[in-house]
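Next come two complexes built around chain A: one with chain B, the other with chain C.
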Partner chain A sequence: MYRSQQLALKYLAAAVALFGVMTVAGLMSAYHYVNPDFLFGVLHFNIAKILHIDTLIIWLLMGFMGAIYWFLPEEFGRELVGIQAAEILFYVFCGAVGVVAIVFIVVQYGGGDETALWFINQGRKYVEAPRWAAIGVVVVMAVFAYNVLGTAYVTRKVTGITAVLMVDLVPLLVLYLDAFPAISNMSADLFWWWWLVHLWVEATWEVLIGCIMAWTLMQLLGTSRRIVELWLYIEVALVLGTGILGLGHHYFWIGTPNYWLTIGGLFSALEPLPLLGMVIHAVYDAGTHHMKTTNRPAFYWMMAEAFGNFLGGGVWGFMITLPQVNLYAHGTQWTVSHGHFAFWGAYACGVLSVVYLVIQKVRGLAHLEGTLWKWSFAALNVGLIGMVGALLVSGFAQAFVERAIGGSTHDAFVAGQENRWFVEGIVTRFIFGLMFAAGYVALVWDLLTIGRRAPVLATAGAAE
Partner chain B sequence: MSDIGLLQTALLLGLYVALAGAYGIVYAIARLQDASILHRTSLILYGLHGLTAIVIVAWAPLQVGWKVLIVASSGAFLAIPPITWRFLQQTHETEVQG
Partner chain C sequence: MKFDDPAFWRAGAISTVVVMSIVLIMLTIDSLAVISPGGANVPLYTVINQHIDYKFDAKRGSDAPVIGGPEPLFGKSVDAASAEALIDKGKLVIQSRACMDCHTFFGNGAYYAPDLTKAWLDPAWETWQAITGAATREEAMVKFLMDPVTNRTWTRAMPNLGITQPEAEATVAYLKWMAAVDTNGFPPNFGRMRSKP
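Let's turn to the complex of A and B:
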């Protein structure tokens, strides 16, 4: 095994661990809605929510990096350039995440000054990590880019997938620099902040997961490189074609010119189209292989990704993307529902697919099969669907009572929060959150034990 | 937009895309299994999608431009599954022959 693949195992393990932190912080945030007195004066909702969202970003990022560190040496046929720096930075990265989490939990917030910005909290949603840690993320990503670009340069070997990956690393790194400005004009600040959040999540990350899924398809189903690369180009072009200007749906109500209503509405309304193509592709792959594979957990998680992406991003997104509906729906539990479903479908399922694929390789198993993964798969997906369904009901109540009837006054806000449908949705979300957490526990136990007693082949085939 | 109109429009929009997805999935399974009943089911699902589009165009309090987009998207949703399928078959067949 290459050193970069050993590093990949560490990144994937850290990702799964942070997935757990995200789940716990999410449960705490959910319970704060049920019982606002929960941990009052100790750890408020805002901190639990920061932990929930930031660990979401970090665990997925670590999952992507782990997947890429796993596949790249096989792609280049050699160890990655600068692997020692990457190994050191992994521990620095984990240490920084730990320190930032402790600061969030213990110190929580500071004054509106430079000291707080550098050492406590940057105060910008999704990228709350203090500036020193944000600089650390830039260094980690720069070394990651160096690993990829440097190895391609040394080997003089660029495949279609690595070419797409290398091009994607540029915006991935550059857009993160957008985490730093502290602009006092809120409209201007949000305008650029969305470049980071939207274009990372709905552009550069889509390309990253596209590359990762291309490698996964090759190893899991034995699909030829020519086919996966062709489809990677098409799907990346379609996703970027709709996703980049889909940025406009975040510009509806932040003080930007009216033309963003048309641009944002139009391009985000087109976003379900390529997602449908991906679903057709998934059904084709599943059907031509008769649902048979040497690694069913990885295969099922890959299928869940295609369907979850379409449902969460396509169906849930389309409900709220046209400006006339979005006027009432934005910033409610409705958008929270969409966000949960889309992140889960587009990214989390893909990372979990890679984790199972890597486990099969590491344990040298001809077949990866078991019972527990089915329970964790079911509990996580049913829990997630239950959560987004419940949040959807709460969001309907909020948009209806608070916005459409009440006109967004303070009294209307209170009426919305006290509405029976809203409250029941929030309670139901917590219950399904518990199911999701149980699914996570089963997942971890399964990852630790699956295939331990199965017959081991020295050269396990990738696909039947 | 009225309060009830908001919920009805949003649900119709969600249903519109969900039915397009259901049509696509059943179309793909029908092609895999070459089952005529599934072919008919996929057409029924697309018919329901089209019906939802008509309801949105005729009734929903959306501006005209968005209604035009809904109609155009319905055309795209109809075409995507067969085009994707044909392209998938071609690329895989070329691979086998190669």
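Let's turn to the complex of A and C:
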């Protein structure tokens, strides 16, 4: 096994651990809605929420890095350049995440000055990590980019997938630099913030997971490189062709010119197209191979990725993307419903697919199968879909009562939150959240034990 | 060149990304001019010296801010530099207290607490004026921000975040300025429903 693949195992393990932290923090946030006095004055909703969404970003990022560190040496046929720096930075990265989490939980707030933004909390959704930690993320990403680009340079070997990956690393790194400023003008602040949130998460990450899924398909189903690269190019053309100006659907109401209503509405309405393409691709490949695979957990998670991305990102996103609907749905639990479904479908399922693929290789199993993965797969997906459905009901109620009828004042907000349908949705979300958490526990147990207790048809020997 | 040739789609991907990126950059340049203070949609920070309202504009078919005559904040008109300093401070308070992880600004943020886009104009401040015994809306806002637990009106209370008087005043200035930003009619019908729905 290459050293970069050993590093991949560490990144994937850290990702799964942070997935757990995200789940616990999510449950706490959900329970705050049910019981607002929960930990009041100790750990308020916004801190739980920060822990929930920041660990979401970090565990997925670590999952992507783990997947790429796993596949890349095989792609290049050699160890990655600068792997020692990457190994050291892994521990620095984990340590920094721990320190930031402790500061969030213990210190929570600073005074209204730049010092607070440097050392405690930047207070911008998704990029709350203080600036010193954000600099750390940039350093980690820069070394990651050096590993990829440096190895490609040394080997003089560039495949279609690695070419797309290398180009994608540029915006991945550059856009994150947007995590630092504190622009006083809220309109300008949100304008650039969306460059980070939309173009990073909804564009460069989509391309990144596209590369990872291309390798996964080749290893899992033996799909030819020509086919996966063809689809990867189509995906890049459609994702970025619709997604770059699809950014405009975040520019409806932040003070930006009203031409964004048309541009954002049109291009974001087209954004489901590449996601539909992924579903067609996945179903086509699965059909070609008669659903036969040596790793059913990885295969099912990959299919969940294709369908989840289309439904959560595409269909759920389309529901609220036209300005005529968004005027009322914007900033409600309807958006939360879309956010949960999209992150889960677009990224989380893909990372879990890679984790199972890697486990099969590491444990040298010709066939990976078992029972527990089915329970965790079912509990996680049913739990997630249950949460999404419940939040959708709450979101409908909020959009009608608070936005449409009440006019979004404080009293209208309270009326929306106390509406019976809203409350039922919030309670139901928490219950399905518990199911999701149970699925996570089953997942971890399965990852630790699968292949060690499941029937093994043949042993292929240790992977490389 | 055939549709099943990866080279065709590679060329398509590159050209699409280049064209869309160029269009985005052009629109960004135009948008930044519109959203800079004093631009078409975003007022100068000195707007905090004036009366601000939000009314339905039949011509454009949506709600829009209406900037009226003098109405100094805390009874004192400020110059451009002082207004900018207040807004800078207000934004730092908003970020350092992670307001966006409970509230929304222009509908962006978390959804645990009310949207603050037009909070300056919220009729609910009349309730807080009565609770705090404040003479004006801005005084009631300051008193609330400095002690939201004592002044809670609902089970889901805002926690005490150690906001000082100067910080609270800067935050109020920020909310007043923000209410004057033209947000293409978001939120719709704000404040027209005076009683609880």
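The rule is short, and it goes like this: the second predicted complex is superposed on the first by the 452 of 464 C-alpha atoms of A that agree within 3 Å, B and C clash if a C-alpha of one lies under 4 Å from a C-alpha of the other, contacts with A are read in each partner's own complex, and residues count from 1 in each chain.
Definition applied: contacts are C-beta pairs under 8 Å (C-beta built on N, C-alpha and C of every residue); 3 or more make two chains touch, one makes a residue touch a chain.
From a predicted model like this one, the values you see are computed outputs, not experimental measurements.
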item: Three-chain arrangement built on chain A, chain B and chain C clash or fit; value: fit
item: First (chain B), second (chain C), both or neither touched by A:Ile405; value: both
item: Chain A residues touched by each partner, larger count belonging to chain B or chain C; value: C
item: First, second, both or neither for A:Leu270, with chain B first and chain C second; value: first
item: Chain B versus chain C as contact partner of A:Thr335, first or second or both or neither; value: second
item: Which of chain B and chain C A:His198 touches, first, second, both or neither; value: neither
item: Which of chain B and chain C A:Asn185 touches, first, second, both or neither; value: second
item: Which of chain B and chain C A:Asn121 touches, first, second, both or neither; value: second
item: Vertex chain A angle, Cα centres of chain C and chain B, expressed to the nearest 10 degrees; value: 90
item: Touched partner set for A:Pro257, first chain B, second chain C, both or neither; value: second
item: First (chain B), second (chain C), both or neither touched by A:Arg131; value: neither
item: Chain B versus chain C as contact partner of A:Ala237, first or second or both or neither; value: second
item: Nearest Cα pair across chain B and chain C, whole Å; value: 6
item: Chain B and chain C footprints on chain A, overlapping residues; value: 226, 230, 327-328, 403-405
item: Chain C contact footprint on chain A (complex, rising order); value: 32-33, 36-37, 40-41, 44-47, 49-50, 109-114, 116-117, 120-125, 128, 160, 182-191, 193, 226, 229-230, 233-234, 236-237, 240-241, 244-245, 247-248, 250-261, 263, 327-328, 330-333, 335-336, 398, 401-417
item: Complex interface listing, chain C residues touching chain A; value: 4-6, 9-10, 12-13, 16-17, 20-21, 23-24, 27-28, 30-32, 34-37, 40-42, 84, 87-102, 104-115, 117-119, 122-124, 149, 154-157, 159-164, 167, 170, 178, 181-193, 195-197
item: Contact set on chain A toward chain B in their complex; value: 224, 226-227, 230-231, 262, 265-266, 269-270, 272-273, 276-277, 279-281, 283-284, 287-288, 310-311, 314-316, 318-320, 322, 324-325, 327-329, 396, 399-400, 403-405
item: Touching residues on chain B, where the partner in the complex is chain A; value: 1-3, 6-7, 9-11, 13-14, 16-18, 20-21, 24-25, 27-29, 32-33, 61-63, 65-66, 69, 73, 76-77, 80-81, 84-85, 88, 91-92, 95
